[in-house]
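Below you'll find a set of structures to go through.
You will see chain A twice below: alongside chain B first, and alongside chain C after that.
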Partner chain A sequence: MASEPTDGGTASDRPTLTMSISQLRGRIFELISAGATIFGITVVMGMLVYVARDALRLGAADPGWYLVFFWTLVVPSLGMAGYFAVRDRAAGSVAYAATGIPVIGILVAGGLVIVFTELIDPQEWLALVFALVVAGAIISAHQRYRPQATFERLLVLFLTPILTLYGIPALSVDRAITTPLTGTELFTLSFSTPALLPSVRELLFVLPILPAGWILLLGTVTAPLAYGFGRLIAARRDDERGRLELVAVAVTVVAIAANIGPLVGLSAEGTILVTTALLVPTLTYLEGVVRRREGFAGLAFPVVLVGGTFVGAVLATSLGFASPDPWLDWSFLTSAPSRTPEDAGMYPPLVGSILIVIVIAMSAFPVGVGAAIYLEEYAPDSGRLGRFVDFLEVNIGNLAGVPSIVYGLLGLALFVNGVGLRDGIVIVAGLTIGLLILPIVIISSQEAIKAVPDSRREASYGMGATRWQTIRHVVLPEAFPGILTGTILAMGRAIGETAPLLMIGVADSVRSVPDGFFDIAAAMPAQIFSWKSELAPEFRTGVMAAGVITLLVVLLVMNGTAIVLRNKYQRE
Partner chain B sequence: MSNESTDLQLAGGEQSRKARERLYRYIFLSCAALTVFITTGIFVTLTVDAVKFFSTVPPVDFLTGTTWRVSRGEFGVLPLVFGTLAVTVISALVAIPTGVLAAAYLSEYASARTRAILKPGLEILAGIPTVVYGYLALVYFTPFLRTLGINAGTFNILSASILVGILIIPMVSSLSEDAMSSVPDSLREASYGLGATKFDVTIGVVIPAAASGIFASFILALSRAIGETMVVAMAMGLRPRMPSTATGPFGIPYIQPMETVTTSGQTMTSAMIQAVEADAAVSPVVGQSLFALGLTLFVMTFAMNFLSNRIANRYREEYQ
Partner chain C sequence: MSQPTTDSATEETAESDDRLIETEVSVSETVTQPAGASTIIDVGDLSVYYHDDQALRSVSMEIPERQVTALIGPSGCGKSTFLRCLNRMNDLIDAARVDGTVELLGQNVYDDDVDPVALRRRIGMVFQEPNPFPKSIYDNVAYGLRVQGKADDIDLDAEVERALRSAALWDEVKDQLDKSGLELSGGQQQRLCIARAIAPDPEVILMDEPASALDPVATSKIEDLIDDLAEEYTVIIVTHNMQQAARISDKTAVFLTGGELVEFDDTQTIFENPADPRVEDYITGKFG
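What follows is the complex of A and B.
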């Protein structure tokens, strides 16, 4: 305290004065810094409220419409929330989960429906599942009958899936081999081989008749998913019950739904996917609530939400109130970009973003986790290799800070100009952004692996396990939720990346849906960027707002899932 | 199975196990080493094309030219550097005070409960896609500036830079907070013991003690602002411009700050976006100019990140 008086002249009142001044100064500083903490988020959230208003065109509705929904939806749900917060905390958390799980289920189902309608039909999916099952069976048979042959097994591990998926197809090569630098022709390579081994898919399609698509989905999506969740139930209950029950219930209900769906104009396949994604996680969660016997009241919350919406809609229509006319509606999500704002939609970019994320997950996740395992479990502290590892860590940190646009240039130079892939296709976009988020995946996986206590590792070594066995059976299972959380967050970052996409030539406006990994990609953020240059003012105030809200909702769901996962496993 | 063969089998098993262990080690090592490949990949690919670019456009013209107009083959980088500099300075003016104050609040004042809410709240800012910030700046923030009486054009430097500033707040605040909370409590208690108030401790002890960490966070945030692309590509316009000047008394030209920041400009990053979209139509030099700009950007940000990490690490060692 620089202002503290040193002379003790009027000792009785002066210290009080300075104390109150310095207290005031402290209070002001605290207030200012608290304001600074919330400044950014307030500004951004404030603007996002306006975006939501524009995207949903809330101004178009009658005041009566708001009044109806205020009484049927807002008052009951707020009342319940208030009751839960004050009286019944357990029911509150049940209400939260029982509302959130079906919502996430529906969004995941939306993604699945897109994948099955645009990418892969149920027959192809069956062939894929079948091929992988056959490969798995061969691998485990090999492991059982020849447990000693490690390298042979590695070979089997890599080759069997390829053989079951592709067989040994007929090969015909006819191209000139040139020297890489000068480009002079050395000789012409030309040969062809007959097809030696058919793939499982080809064998399967030899069958004269395959079951209808929805039955296949029932068998290859609903049943395995229910079995997986059923195992979760069985593990939680600590007994064997739950698996078959869940499969039986899910398959029956979903099968019935699939037969009702077409009657009201839905596709049977779509109905199956949506009901499965809605039913199976919800049932799993309900089982937990029933078993714990607490918070039953919370289950009423989603019912009140759905009921209130329904009653409100009926009332508002019968009273003749105008509802909002949102830009962000079903036709926005399901139609292609257009030059007229009313017809504009973002279905192709939505599909494109999903495909790109699949490529990113398959490339960046394994490599990132592998690198993190090396850095945390194998890397020596000293010696030449130790210095190299230090260098690696510094380098990874620096890579995380390289501007995303530079990664776009790398992708352009590496995959388009180098490998010779077409520019702007899904796989190039996915690999480029995969490179971009690799450092983030590595760093977050390292954090997760670091959090596994050393005592576990030492116990495992003490029992004679090798390093790989320890990693495989002790470290990875323990670190997995953390790794998954970090990866989902990184994926969220990946979905929003725009600059690298523009660099590798992802067209801003694609009208057709990409039908595979080697087709021209569209992506949500690139689409939003391209709407900027449309002339009609509705694009800026309406369509772009709807696009931004769609993107943010997808991100919110991903980040929300990641955070819930983290909280769940941190507690345990 | 005789005893001997069992032994043999065991030996074989162990050998293959060792081989397998080694194999996994190398697989994981190669995953980690891939990151070095990425760095060298970036550097080599950027350099190769940048060298091609500089064989047509002399480096001196590139570095000292004051016009960037690719359609006429004029590649003077200065207006772009100016645009980048303007964005960096204005966003730093927003982010640095806000970020440091937020860090001080989170580290010294906030209760554990408040922290648990506010900290993820700040992190959200970094999680929103930059294209969204660009949209906000273009459609909502610029009209807002006009209501404040600032005569801002449709595309302007000011609104883009302020949103870039908001976007980098979490970078400043989280690293600064790390630095502040790793200041040992003994320092705080010593000054409390001397009768200091919380304010005195924060301003007089914690912030100076954490200075190098806070400084590292500035560098990192600035490097992020330099590399920021979508916000400026959407809201700042695509007109590479030198600052607008006027002639003052005695004929001395001076820069008019308000006129400069309320009109459009262009950064290196948005020039790259524009060049890549025009690429096919124009000469190959335009495509190569991308890589020259990219190399400049990469070298600048990589150096800044490296410096920031070095400072932060050295600082961390001080108190351990």
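What follows is the complex of A and C.
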């Protein structure tokens, strides 16, 4: 066939291989798709740069300042990145991980510091941890000695944590019972009982001396965290000693840091949290790099970044160049809102938003995942109930699209007017936004559960596993990364919600940090919204931008955590 | 991967009857028939419906203990449906409805007071596609013992080793029991699934085309394994591959389209001297 002349009699009827088939429409479609992608990314990036320019007030700096940093920071780091990309890819990935891990560690530590300074002091934290450890020990002991008592186990599972945390406290009720609709008073319920059983938590406070806060944190945060991360080292080395070594190194270094910190004006507790979050993941990662003996050169990258920044700052100051005067600085993050733009800060709304997110997570996650498990694993596919379930699923999809202001109205009716909670407090805000993201959590969890292949379920049932065992040991472990990712992404959306907050009466601007879950809250998006109507123009050009960047960074930390967790569980 | 094997097998049988006779001779050599083996599963008038479609028509069969029973037939003939009735896996499909009786040692498994979970603890199952859990090899094998609540009373390590040895996998994986079951090759995964099924020591093992997704080398390993398993367990295996049925089984049941059991007899008889002309057509490749 190959020897036939191309212009021969029979060959001319056949299509030749060199004849090109028109791919014009395909090419045009490809170009349009690429154009849409580039357009979208450019618009979003442009917006971010615009906001960042306002927030950091980059225009205020001398050109000389930029020149200095260009040569000390940008040129060396870009040069190294280029070298890694061309010559040494392994070192490149080490470089970016070794830079990124400490940064994420510090950001997470920031959140922890807020929780420990505003919400819970180390003694209370110790009591909480201790009570939960006792509860865990009782539950596992019960499981070991009475493995067959299923109902009893359920009781133990629910009651033990409650008893260790709260005991049986004194109860005193004095409340008028009214009919729900007309509000006519029926009778007055009034009684009081003495405290019967003190909780483990309270017992701990009876102790005459409790160790200092920083020692408690060292024992309850640094050591367990290092022990957990040590599992990675131990698994890599196939040697349990890896754990203990990491714990020993981390505890020693953090303890030293905790004693040095106060000398330079930092709180001992804050120092512990920051050094722990910085040290433990970084050490774990470094151990891996040393073990693999690959990409050592990458470790120079973070050193160059830090060194370049330091040299640049020294040079720029000594040469007398004006640096930018960012709105988004340390005092912005740590001070309360103010009428003057220079003093305005974001600390109370930042704390408020974190508390609200905690309430959202604790309310929407269990309910949403539970609903998803029921709909996917238990609900029948056919029959009358099956049709009802279909109807429910369609409407859950609809609920995901209901405007958020409607959820605000629902929260107001349900929690403020119905239950009788004060308006504008943390728990009402959290529960309302929890309702808002509930459909999204349900749908994404359902998708994650659906993605577990049926063959795995069949294998489990075929082994004589019950439905519960199949869900617990096969479906949930495999669906968990997906459930977690979906939930955290939904919470990322929740943290930026403004309309429902306005509806349930969250104050625009609160000067004090909320004192707990039942206190008046401020929230970041509401605060940003309120700056829009301030008189001084700097609020609109600078402070607002700084607030937006703060909000975005918190969001980024949450999504980053989701990605890290997902990757970790997918590998196992 | 399985399809060419099956096709070529069918073609070969169609091409020459001599070949078939050779196969038969090998059958009569390898299969030792214990006379009067006792019945472990007695199926009576079993019919299965999916909505209004009848997938199985009034099948009756007595399956002997500690032998290999093969179920063969063309696609869609109901042999897998039949297999899944024996451990009530069809209960998991809402649309399926089952009539008739399946008696395991005299007890009808479709009685109201029978718990399908308890039934499946006595009848293990291996599926067509290897489906290990995304857990370690050790945890895969220990899964059945753990969910059945036996793990605390026995030496789990020893039981896992025993099951892996029985599945002829121990020597290949003994140094890497912590490795994920999904990292094994297809043939190893299927042997892992067999080890998982035999670890809790069931009485009967159901196999739904266990070798159809495997290459010839892995297939022959599985076949050797089935031979060994029949010393301790009752094995019921669905297969597309008639030569496989001839090689490994003591009894063969032939299903034809429409969910009918056409003939059930000693494997030797089925392949040498079938009573039903349709069975002869099928195994010589004229049909199916």
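Details
The definition used in the following text is that the second predicted complex is superposed on the first by the 507 of 572 C-alpha atoms of A that agree within 3 Å, B and C clash if a C-alpha of one lies under 4 Å from a C-alpha of the other, contacts with A are read in each partner's own complex, and residues count from 1 in each chain.
Rule of thumb we're sticking to: a contact is a pair of C-beta atoms (placed from the backbone, for glycine too) under 8 Å apart; a residue touches a chain by one contact, two chains touch by 3 or more.
It should be emphasised that the depicted structure is a prediction, and the values quoted were computed from it without experimental measurement.
When the two complexes are overlaid on their common chain A, residue A:T466 makes contact with chain B and with chain C alike. By the touch criterion defined above, A:G496 reaches chain B but does not reach chain C.
In the overlay built on the shared chain, the residue A:V108 is in contact with neither chain B nor chain C. In the superposition on chain A, A:I32 makes contact with chain B only, not with chain C.
In the superposed pair of complexes, A:V475 makes contact with neither chain B nor chain C. Within the superposed three-chain arrangement, the count of touched residues of chain A is higher for B, of the candidates chain B and chain C.
Residues common to the contacts of chain A with chain B and with chain C across the two structures: 466. Within the complex formed with chain B, the residues of chain A that make contact are 1, 4, 22-23, 25-26, 29-30, 32-34, 36-41, 43-44, 47-48, 50-51, 148-151, 154, 366-368, 370-371, 373-375, 377-379, 389, 391-392, 394-399, 401-407, 409-410, 412-414, 418, 435, 438-439, 442, 466-468, 489, 492-493, 495-499, 502-503, 505, 525, 528-529, 532, 540-541, 544-545, 548, 551-552, 555, 559, 563.
Interface residues of chain A, counted against chain C in their complex, comprise 147, 380-383, 386, 453, 455-466, 469, 473-474, 477-478.
Every residue of chain C that touches chain A in the complex is listed here, in rising order: 87, 89, 92, 94-95, 117-122, 124-125, 127, 129, 131-134, 143-144, 146-149, 152, 193, 196-197, 200. Of all the residues in chain B, the ones that touch chain A in their complex are 9, 12-13, 16-17, 19-21, 23-25, 27-29, 31-36, 38-39, 41-42, 45-46, 48-49, 97-99, 101-102, 104-106, 109-110, 118, 120-122, 124-125, 127-136, 138-141, 166, 169-170, 173, 195-200, 202-203, 220, 223-224, 226-230, 233-234, 269, 272-273, 276-277, 290-291, 294, 297-298, 301-302, 304-306, 308-309.
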